[in-house]
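By written order: A, B, C, D and E. Residues from 1 in each chain.
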Amino acid sequence: DSTSQPSTSEGKTETENSADLGENVVNIGFSGPLSGSAAYYGEKILNGMELAIEEINQEGFEVNGKTYKLNLVALDDKYLPNETAANAKRLVEQYHTPIIFTPHSGGVYALQVFNEQDKFLIGAYTSEPSVTEKGNSLTIRIPPSYHGYLEPFTTYAMEKFGTKLAAIPPVTQYGQDWAKALIPFWEEKGGEVVYESSVDFAKDTDFFTILTNALKKNPDVLFIGGPSEPTAKVAKQARELGFKGGFIVMDQAKLDEMQRLTGSYEFLEGSIGTMPIIYADYPGVAEFVDKYRKKYGKDPGSESGYHYLTMYVLVEAMKAAENVEDAEAIRKHIQDGLDAIPEEKKVYVIPRVDENGAFKTNVRVGAVENGEIIGIKVN
Amino acid sequence: METLVQQLFNGLTIGSVYALVALGLTLVYGILHVPNFAHGAIYMIGGYVTLSMMIYLGLPYWLAIIVSVVVAGFVSVLMERLVFHPLRKSLSINSMIAAIGLLLFLEALAQLLWGPDFRQMPTPYNQVVNIAGLTFTVQRILIIVAAIVVMILLYIFLKKTFIGRSIIAMSQNREGAFLVGINSNKVAMLTFFIAGMLAAIAASLTSPINLVFPGMGHLVILKAFVIIILGGMGSIPGAIVGGYIIGFSESIGATYISSDYKDIIAFVLLIIILTIKPNGIFAKGER
Amino acid sequence: MIAKPTQKYIIFALILVAVLFPLISQNNYFIHILTLSYIWMIAVYGLNIVAGYTGYLSFSHAGFFAIGAYAQGLLTVKAGIAFWIAFALALIITTSLGFLVGLISLRTKEHFFAIYTLCVGYVIYLLIDKWDSLTEGVRGLMGIPNPGNIGPLSFTSATAKYYLILAFLLLTILVNYRIVNSLIGRTFIAIRNSEQLALSLGISTTRNKLLAFVLSAFFAGLAGALYAGFIRFLGPEIGSITITFDLLIYLIVGGIGTLSGPIVGTLLIVLLSQNLQFLEEYRMLIFGPILVLLILFSPRGLVGFISDWKLKIREGKSVSTERPAKIEKGA
Amino acid sequence: MYLVVEKLSKQFGGILAVQNVDFTIEKGKINAIIGPNGAGKSTFFNLISGVYKPTSGRILFKGKDITRLPANKIAELGVARTFQTTHLFENSSVFENVVVGHRLRTKSNLFDAIFRTKREIMEEEQAKEKALEVLQFVGLTRLADRKVANISQEEKKRVAFALALATEPEIVFLDEPTAGINPDETEGLSELIIKMARQGITICLIEHKIKMIMSLADKIMVLNYGEKIAEGTPEEINRNEKVIKAYLGGSASA
Amino acid sequence: MLELRNVTVKYGHYAAVNQVNIQVFKGEIAVLLGSNGAGKSTLFRTISGLMKPARGEIIFEGEQISGKSPERVVEDGIVQCAEDRKLFPQMSVQENLMMGAYIHRKNKKIIKESLEEVYNLFPILYSKRNEAAGSLSGGQQQMVAIGRALMAKPKLMLLDEPSIGLAPLIVEKMFESIQQINREGMTILLAEQNAYAALNIADKGYVFENGNIVVQGTSKELFSNEEVRKAYIGA
């Protein structure tokens, strides 16, 4: 087709123009929810990226003998895929961003329709595996897959509390996928699923109703999840209704954030979930958490951590590719980028990116015992 | 049986909240003939103000609620003065769009002031009470009792006092109200103030069992609309009964039909009722 | 209502600019935004028929938009039907569902109708969201093909799609123009003005309201099917109330019950909200008040505003005893 | 008989607004219904024209049972009406108002509209001609382009007549056609009513202006508390004790 | 008591009331005659504060009231019984009447007395006191409207075409009631088309045409005025 615009070829000259200020700038694109009910999520991500960019820009980074700085261009898409697509067109056309981060699978799919043609990399923050399984050559998927959690969660909860599970995941796709993986796994391990339903945090104003129904079945373990704060509410109300068993907490919710909501770990006793980044023992965590707290006055979440790290991966990949605008070249050197991450920046340890673009991360699991979080070994 | 009673109690709790919000909405509708979508934002602001009073100023719960009621009332009145009053003579769709504009603005403002994250409102009434195998928390009992008290007071105010009746009069004939000497501006402001108060009370009561966040108004307002339609727009008993109908149908529906589809239950219920009674349950007479 | 010749000029000027645009600007982003705006315009025209001319404010519009889009998506992706056949089927499906919904919902009036359709829209949204075995639920529907070739014309490039959708928009405008200026259009307006009187004049209000509603669903479905072929990915959010609100805002700001209102309003608001993007999370802090101000100072939409303004000029010239129009109420 | 009403009743909640009323209308005559306020006159009209459905009873028009037909079907059969509170399309011009009045005699559908078929063009022309014709008939040609909201009460009443006439009716029901009109203008409207009757249109009207009724009507029915208390020629009614007591009072000449 | 000086009221550019001068003295019944659209109601609406005059002054008991808001005008003692009644349709008859006494809301005793007076004047309203005002017939609604106006115990009552749509018997009664009210000390400004009946009870009258006063004088003068007879009395 003759009419399609080879926009990136123009992009080269344009990038140099935008560096008129006397320095070379690489624009980094972001399209995510910045207003509306999911804005808290978009904000956490932006914070992580901003923090990394600030650090990187202190010195700049060198590619092909030139020193570059990063500039973040964030656009609001209100979670709507068509807005993501429009934003991406704009980011590519006006800012020549070699990469666009987007934290929802709908947005990723909408971008995958044209990202290979328009030549930009998608930084997908979604644990939806199909994002990278459909063979898009310019997508990287940042968060870990939940599959690594199934075994340690199941074993721990079953041993400590018993075999009867009530599953009340959130209605989001992620929650549903999680449940679909966990339930057969639980049954395979000799467990029994006594209740299954989902909560919708966008519509429910009270969880007593669903919990009453779940607890009627006398479960030993509750599977819960979603954003940390409402998940904490669910756990708390379950306790109020007299639940004494353990919680399996889906990795979207963070034990530390849940604790913050109610002031103590007491009601989370016996919960197992992902290790909160602030307690994780990766080499870069302490410094990152410190800086984040200083700048934003609160604890970082894993979204922030992953995006922080990915900015460094990206810079290293650009260095390795000796190119700051060719998405294909950068994608080819993502593995080099991962390998070249300085130790003190490793807020997570990501050894590998697979051929489809998915990051392979070692997961860390934590549990609440005697009012404290303790690390649980993963085989 | 035990479950049924427990679920009835749950329905009563949530229905009380719905009823309070729907009451404000229905009052404003009566005066303005506009479905005020921005009412959800007032609810949200009510929640945030109570929260801020408790957390930042250390006020006790009840005092914080009083402050919040006043603030939300004033924001509501401000809305009336700045937007709905100038628009009172134009198409009602315009006021509706303006209300949407206000909603977007107030949500963004809340996000700016308090951040986009979920917040927890403390309450002195965390105690759990077990009676005959049923679980209550004091806060929940408080919600029910307070809501009913507020509704009774409101009813007495509207029915038995001249000032209250002036609200009803104006909702039935604006000019007629002027001609008996009712100050329309005062009544409109009063109505918005009361609506704001009711929303703030509802938000402050329910927030300890839920969360405070910029989008919290959405959850409630859509249901409040369903309720006032169910009960007949502008009808006060309709709003109350409708609130409890939705509350119960949600908790009972979640138990005996499907928890996943319980939202649909409320909407389908409405569709069925309106199909049979196109003007709502409490509609008056023919035409 | 605005003088007809003026509306015609506005429309012709806009058409000319639209046709020439890709030749002037090579910017993919603008082409993308414009194409999307055209799709919204088609949907807004649908809304205008029922809300602007018959006076029934439907809040289920995004629902029908979503039905059109999902029908297109599912038929091509899951049933493997060719794009244009699926397109025709999508229109039939949306129109039929519009017929069914209209049949029941039109028993109610005014705000009852508005909120009733709000609920219908919500149910449609929830169904798309929850029925994931069919719609893929929250995950969304991927891999919708480009519009198929028509003879030698292929629609894979952005510019080609731009012209395809522009063609549909022009057709939509023509059809709307014809309807509004026909006996049917008069009938719709009569219903808006007074349903009881229309009835006593032997006009079957039920049938005509239903016709208007079905037409509006048809245009929503058309816009939806085009959207599916353009964005090529569908998520349940396109059926959400937010989208209905957006469409309504486009209509009101442009001028409800006018022929050029949908174009003016959509362009203005889309461009405005794009231009406020630099504000990031504070966008709504500015956009909300702008919306309110627009409504406050131009309550009959921009098109109405212009026509009022022209009326003023005319009146200023000839001091006549003619009385100006009261503010139109209850449209 | 032309139009026959048998044992018609309508109940609103506890109120029996119309009770067991029998009434017949002869073709080409001017019939009048009088009665105190709240007697059920408007309700009676609303029942015949299909705005309300009767609680019991039957309405026959030219031998056809129209009791349960919707209002628009009844209008199609040639039954037109005006409303007590003048009911017009306030925001349209006089001409546009009246054009719509002829819609029920046209057949153009959506297809015709979109493709602007011959039929559409022809029927539009036909509706416009009809509009001009009836405007001429009621004497409002000069106001054709004025917005209805801006014309006088008397002119509005005439537009209402024109609107009813545009439907090409055989029988017209007029609910207080001269309420709120001064004697001078009332005179004009009575003349118009007579002119209509001369055209062969059957008339049935409600009025409180006794003098006008007495001079105009061929036959009068008197309602009181929903019941028919008298029926007959003006002279008979004028002499009827019951009517004088319930309605006319001492000075029947006010 | 009430004086209008050069009052002009406009709808847009159109002057519905043009340079009108009217004087009503205490205890009088003054009547405004005029055909439809002459501007009577517009004038009443302006006196009541529902509209603002474009020019001119309205003086009540020596005080300028033009530009005051409707409720202030009511408080000053001018109450209007409007043309289309403007009742509260879903409130009961009694509640409607009670609302009429809104400005006396602090004084329960006055309210009770007035209520009795109104019921004495219109006994049928007593039997319908618990019914919704909207479900009454036109004539009954008119009685409620007058009753409601009386409840405010005004010094001056504006009655806008009280006889509209009423049966002759009722019209007669209505005018009797008006006379009775007047005898009890209330000043009345009445707008009517039923010139005969109105002039019969009035002290003086003004004839309106197209927003202008074309004739004015005592009832006697007007009765004997040939043109007035022809145009408005019809005999």
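For this structure, a couple of remarks:
In the analysis below, contacts are C-beta pairs under 8 Å (C-beta built on N, C-alpha and C of every residue); 3 or more make two chains touch, one makes a residue touch a chain.
The structure displayed is predicted, hence computed values, not measured ones.
A centroid comparison over C-alpha atoms places E as the chain most distant from chain C.
Looking at B-C and A-B side by side, the one with more C-beta contacts is B-C. Between the CA-based centres of chain A and chain C the separation comes to 37 Å, rounded to the whole angstrom. Rounded to whole angstrom, the centroid-to-centroid distance between chain C and chain E, based on C-alpha atoms, equals 50 Å.
In whole angstrom, the spacing between the mean C-alpha positions of chain C and chain D is 40. Within chain D, residues 12-13 each touch two or more of the remaining chains. Counting only residues that touch two or more partner chains, chain E has 135. In chain A, the residues that touch at least two other chains are 35, 39, 42-43, 171. Interface residues of chain B, counted against chain E in their complex, comprise 162-163, 165-166, 168-169, 172-173, 175-185, 284-285.
Of all residues in chain A, only 35-37, 39-40, 42-43, 171, 197-198, 200, 202-206, 208-210, 212-213, 216, 227-230, 233, 237, 240-242, 261-262 touch chain B in the complex they form. Across the complex, chain B meets chain C through its residues 29, 33, 35, 83, 86-87, 89-98, 100-109, 111-112, 116, 222, 225-226, 228-229, 233, 260-261, 263-264, 267-268, 270-271, 274-275, 278-280. Interface of chain D with chain E (complex): residues 12-13, 15, 34-39, 84-85, 152-154, 176, 179-187, 208, 210, 246-252, 254. Listed in rising order, the residues of chain C touching chain D in the complex are 175, 178-179, 182-187, 189-190, 193-194, 196-206, 211, 215, 322-323, 325-326, 328.
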